[in-house]
Amino acid sequence: MAIPLVSKLLRAHLLELASKDERLDGRGRWEGRETNLEIDILPRAEGSAKVTMGDTIVYAGVKFQLMKPYPDRPNEGGLMCGAEVRPVAGRNWEPGPPSAESIELGRVVDRGIRESGCIDVKSLCIIPGEKAWQVILDLFAISDDGNLFDAFALAGIAALKTATLPCERFEVGQDQKLELSSLPIMCSYHKVGNRFVYDANYKEELGGDERIHITLGEDDHVHSLQKGLKGIFSAEEFVEIMEKAKDTSKELRKLVNSVVGE
Amino acid sequence: MAIPLVSKLLRAHLLELASKDERLDGRGRWEGRETNLEIDILPRAEGSAKVTMGDTIVYAGVKFQLMKPYPDRPNEGGLMCGAEVRPVAGRNWEPGPPSAESIELGRVVDRGIRESGCIDVKSLCIIPGEKAWQVILDLFAISDDGNLFDAFALAGIAALKTATLPCERFEVGQDQKLELSSLPIMCSYHKVGNRFVYDANYKEELGGDERIHITLGEDDHVHSLQKGLKGIFSAEEFVEIMEKAKDTSKELRKLVNSVVGE
Amino acid sequence: MAIPLVSKLLRAHLLELASKDERLDGRGRWEGRETNLEIDILPRAEGSAKVTMGDTIVYAGVKFQLMKPYPDRPNEGGLMCGAEVRPVAGRNWEPGPPSAESIELGRVVDRGIRESGCIDVKSLCIIPGEKAWQVILDLFAISDDGNLFDAFALAGIAALKTATLPCERFEVGQDQKLELSSLPIMCSYHKVGNRFVYDANYKEELGGDERIHITLGEDDHVHSLQKGLKGIFSAEEFVEIMEKAKDTSKELRKLVNSVVGE
Amino acid sequence: MGGYGDIEMIDENGLRMDGRTATDVRPITIETGVVPVADGSCRMTWGTNDVIVAVYGPMEAHPRKIQRQDRAVLDVRYNMAPFSTTDRIRPGFNRRSREISKVTSDALESVVLLEMYPRSKIRVEIEVICAEAGTRCVGLTAASVALAHAGIPMSDLVVSVASGKINDIVVCDLNKEEDNYGEADLPMGILPNSGEIVFLQMDGDLSQEEFQTAWDYNVAAAYEVHKIMIEALKNGGVN
Amino acid sequence: MGGYGDIEMIDENGLRMDGRTATDVRPITIETGVVPVADGSCRMTWGTNDVIVAVYGPMEAHPRKIQRQDRAVLDVRYNMAPFSTTDRIRPGFNRRSREISKVTSDALESVVLLEMYPRSKIRVEIEVICAEAGTRCVGLTAASVALAHAGIPMSDLVVSVASGKINDIVVCDLNKEEDNYGEADLPMGILPNSGEIVFLQMDGDLSQEEFQTAWDYNVAAAYEVHKIMIEALKNGGVN
Amino acid sequence: MGGYGDIEMIDENGLRMDGRTATDVRPITIETGVVPVADGSCRMTWGTNDVIVAVYGPMEAHPRKIQRQDRAVLDVRYNMAPFSTTDRIRPGFNRRSREISKVTSDALESVVLLEMYPRSKIRVEIEVICAEAGTRCVGLTAASVALAHAGIPMSDLVVSVASGKINDIVVCDLNKEEDNYGEADLPMGILPNSGEIVFLQMDGDLSQEEFQTAWDYNVAAAYEVHKIMIEALKNGGVN
């Protein structure tokens, strides 16, 4: 990703807004943008979702492949999660091999899903040591107006929840739903104008400092954390955003359940 | 390939020549350069040819490998066609991964041969689903004075026509000729000075606009077309070069047959 | 590797020193820096050594993998030798794919060991045509103050001499020592101030011309030679350094034997 | 071109398996403005094809060595999303995508008035979200709509259509099944105002007569598709 | 995080397999100046981990396009030597190394006074020679020592420690066996003078209560490790 | 070096399988001007080896960062065409080619008067069209002819020859079969006017005495090959 020059004016403006507890687009500090979730919108994918958060738009598609289980885990299938931010998504995203930014994006979303244990990799085994399903979750950004992390995570878990194992096409029995035992949800906080806000948009990211990504599962269990970018934060600051993440993750989980069906 | 700067003078000169129905090197509009075809000149290849068209010189070499047929086509072998224009061939060709230009070169020549159906891929099968021949045609430029497309296509089809399946070396029976059921021939036209000419040389390419590649088979059947570069042409212009391609392809087919033997 | 600009002053200074038969760090023309060899210092490697020659520090680690023998040599295992000079080792070494310099380093050290025949590749075969050991020798520079070639070669042969085949971990019998039938030793000479010196340091390399690498085995048999860099030398010059290499290689062989045990 | 002619793709009434006549084009929708952060964009569905195009620019071309003193640089990328086909596509370099990007760029360069923006760059990003058959035609057509939506001046829109041959019959706008068993494919890029050509490819086997029919079908279809493009731009306005 | 809980990793007395209590850190040594040609360097062993860090700079940043007018560029690389693990690591590009390099760089940028060296570059090279568990923590901690050894001004040292969970018990500084069977891992980068955080990752499964315990263990351990760092810098001096 | 010594490569009269004595060189032809668009070129056949070299330049070196203020940059590439060997060679990066390019470049830099062309670049492109044994020697020798044909000033031509050992006997200029079963190979690059050396490699096993014999064979052969080079340049003239 090309690094845009950030004017000192933008940073000063964000600082001033923060001092009045305001944000660029009029939102409250912990308020997210309007979020829309659609499912089953990619006819060639075995599971799919589209998430719109303000002007940020992403797709998630699930495909399955047969794999040979790893020798040390003969009874398990696999999960692969790739995030691609191609130059279609914004003027600062560049073509070429994956940037450090998009590698981090993919790995942080991947960990949140993987570490929650929501997919029982043992249930993906077809013949121990010989054949198992590999779940491939592809995250694809169409429009980046900030906070791709949460948009990807939300689209990703929704796409998985709608996915169907294409057993018939691969001639290994009848098609069946991919079972998810829980719904890990990521909430991201960005330090803007010297205080953390939820769901920063692109301009806030541009004039901001560090960001913190929290993935919570059922009963507020923590499954994944990541601090990104240059910046220092205190234990008190962290406690505050963790509290907020507990609330917001519950709301987003409700959204997924209402759209996909529990 | 490095993009050389084209002087406006060259374009103006070409336009003036065109207005008098003349060309840089004195040729007529539809006249090709002196073309020479030699065969069997690469001792390590199973089929080979060298084509000289004026100062453009290329080699084509055929090698065979054993392959496992693709699951959806168990009774077929394969054809692979690669064009390499290494920096030996001219001051503007650069080292490194294949440029967009050389990818287009390889793919256009490949399609002309492949789509003509001149190689019966079923005849390349040795044991269905297990073993088949892969034909590899390597096109290699030594000197680029323009119109590598036609030179590659001509050398390629001639090399294939001289090729012998190395059955003995691979211990699958006795050596035998590769059968070709037809001789697809490519003719390329370049818009220079606002009109199409046949077999443009390097300077004409440099000061020209779009080019059109036509591959014709027996009975003037069309097997492949490609328009390259920026430029607009009319239906009437296309009809004219198609008529010329019918004549020229017959002449070049005669040349191949006279050198290789029908 | 970034090419540092060499001041004419340095070259002039080296020339002047040479005229007085002196060197930058006070050594004699054929005198090496203090050389220290440690073994068994990498707990995860199956054989390892660390060599310190003045401020040049390198590690060598041996790992084993199972391989399928090549079809034309069904009774043989393999040796792979890779040299990596990562940017940790000095301010002019750069990240990215291996430079021409580090490729040459790896290949010259590899040839010295391979061509001496000190590893009997037939003894690495476990089941002919099916399973054999591949010996992987990784050379890794920590600090480059010149003459990485000799440091790598010395660490490499010492690491191999300490290596143990991990038969138990791979479940193919009991662990056993890797047998070496000889100890090839490399000695490198650099033309500095218009005369060859032994074991050039970084500054001498910087202000020097060509270098010559000689690998000698038992009874002074020659196993590998390489001339590197721009420069011209005479037959007489070569005879002189060959004589010196005979002496120095014997001393270094003694060092290896004293540390590793014969 | 597979050319397995034993499957009946056209019935006794001359209708194709999806009910179209030989000259019918698949259903098409166009929506502009679908990438809010871009300077111009559109989504085009054409049969089951689903393609999104974003346009960025004109903006400063950098590094400076890619700048042209007398015109803008056009930077066109065609890409298929990993989930756009039945078998997943691995991200990364791909000879087919490189070639389609190049011919699409060549076609668009023929109509975009690049001389109006010296030293600048215009990026055109074509993303195939769902592929059926003829994605290169959909991409090129949608790209000219997105350029218009971005307000980039052009001498004309480009309409791209492909005709082909199945069961020895020439038909317009092959769908996926027809493409799998088809014997030839002739995609063209047509300027609807002059009838001139900026894009042309073909492979397979066509007699001179069949070739002429396929050409004529493409030109006729281009005028129909053009109407839908104009309608979408009227509705969506220019950014 | 494997999470195979049937192996007993903690005995009835609360002691771990290597004899440590829940809050004990593995043995640590630090030696500075181990890369003589570098501007600053150190070797840190932490359990069986063996990490070497070299610092080069501040030096001119080139090519010029990477220069920043108002500060130095920090160029951090984390790499594992091919022989650092039981299964050999193939040299070359690696997503995991790229990500660890980035988060380490982010953490160090938070403390290095980059504004003091406009237009220049500081290189930090972290090489894992032998890996046990927690190499990213060792790398980050050792990097801050090497920067101090190079005389680069910083607002504070960074101490990085990870706590985790095994057999449903939270413990500090997982060793290799514990890591293999562990159920969670929480690495943090702590500024010992302010208690603030510059690095934070976590994966696995921790309840809110367990999470708090792991956090507290890390903070306590950081103060202990900090003492060893200070001692090493006193002994080794600044280059 | 294979070293399978059970095949008789030399008969009782000291003749090799292709009829040569121990010191005979394979048949050689040289033709200049074979790449018409280049500034200098030649084709050299040596046994079944067939090598084409083109020289471009001196021309402006760009990007500017590769320029040297006091001399020209020499850019040498050695490459084997995919059809040059029995098993096809895949195009692309190749450690062997990279190393041979480097040693060839080092050898040529020793004789080309680069100081005469500050800030410029000279490209030498060596393409092996058909390989037998000793392609690096043929490439280096042909490159010096092509440079002379391009009118680039040199202090001397370079003649490269390799001697080796088969069946414990030292012979000059190994052919393919001899190379397959040979026990050592000593390629050298010799300046025929001074007898000095600019290129030297060796691998295998040679006693000090055998080594001296191989060296002497190379020097003697170099004078013979040099005559053919001079003859070709006389016939072909300078471009």
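Order of writing sets the labels: A, B, C, D, E and F. Residues in every chain begin at 1.
Note that a residue touches a chain if its C-beta (ideal position, glycine included) is under 8 Å from a C-beta of that chain, and two chains touch if they have at least 3 such contacts.
Worth saying up front: this structure is predicted, and the values here are computed from it rather than measured.
*Asks:* What are the mutual neighbours of chain A and chain E in this structure?
*Replies:* none
*Asks:* What is the touch distance from chain A to chain D, in steps?
*Replies:* Graph distance in the chain contact network comes out at 1.
*Asks:* With chain centres defined as C-alpha means, what is the inter-centre distance between chain C and chain F in Å?
*Replies:* Distance between chain centres, rounded to whole Å: 26 Å.
*Asks:* Between chain A and chain B, what's the gap in Å when you average each chain's C-alpha atoms?
*Replies:* 49
*Asks:* Return the distance between the CA-based centres of chain B and chain E, expressed in whole Å.
*Replies:* Those two chain centres are 58 Å apart.
*Asks:* Note the residues in chain C that touch 2 or more other chains, in rising order.
*Replies:* There are none in chain C.
*Asks:* Which chain E residues touch at least two other chains?
*Replies:* Chain E, residues with two or more chain partners: not present.
*Asks:* Please categorise the chain-chain contact pattern as a line, ring, star, complete graph or other.
*Replies:* ring
*Asks:* What is the sequence of chains around the ring when one begins at chain B and proceeds first to chain F?
*Replies:* Here the ring, read from chain B toward chain F, comes out as B, F, C, E, A, D.
*Asks:* Chain C touches which residues of chain E in the complex?
*Replies:* For this pair, the touching residues of chain E are 34-38, 48, 52, 54, 56, 59, 77, 79, 81-86, 88, 91-92, 123, 125, 127, 129-131.
*Asks:* How about chain A: which of its residues touch chain E in the complex?
*Replies:* Against chain E, chain A makes touches at 100, 103-104, 107, 111, 114-117, 210, 212, 217, 219-235, 238, 242.
*Asks:* Tell me, which parts of chain A touch chain D in their complex?
*Replies:* Those in contact with chain D are residues 42-45, 48, 55, 57, 59, 61-63, 65, 82, 84, 86-91, 95, 97, 136, 138, 140, 142-145, 202.
*Asks:* With touch defined as at the start, can you tell me which chain E residues reach chain A in the complex?
*Replies:* Its residues touching chain A are 1, 3, 95-96, 98-99, 101-103, 106, 109-111, 186, 191, 194-208, 211, 215.
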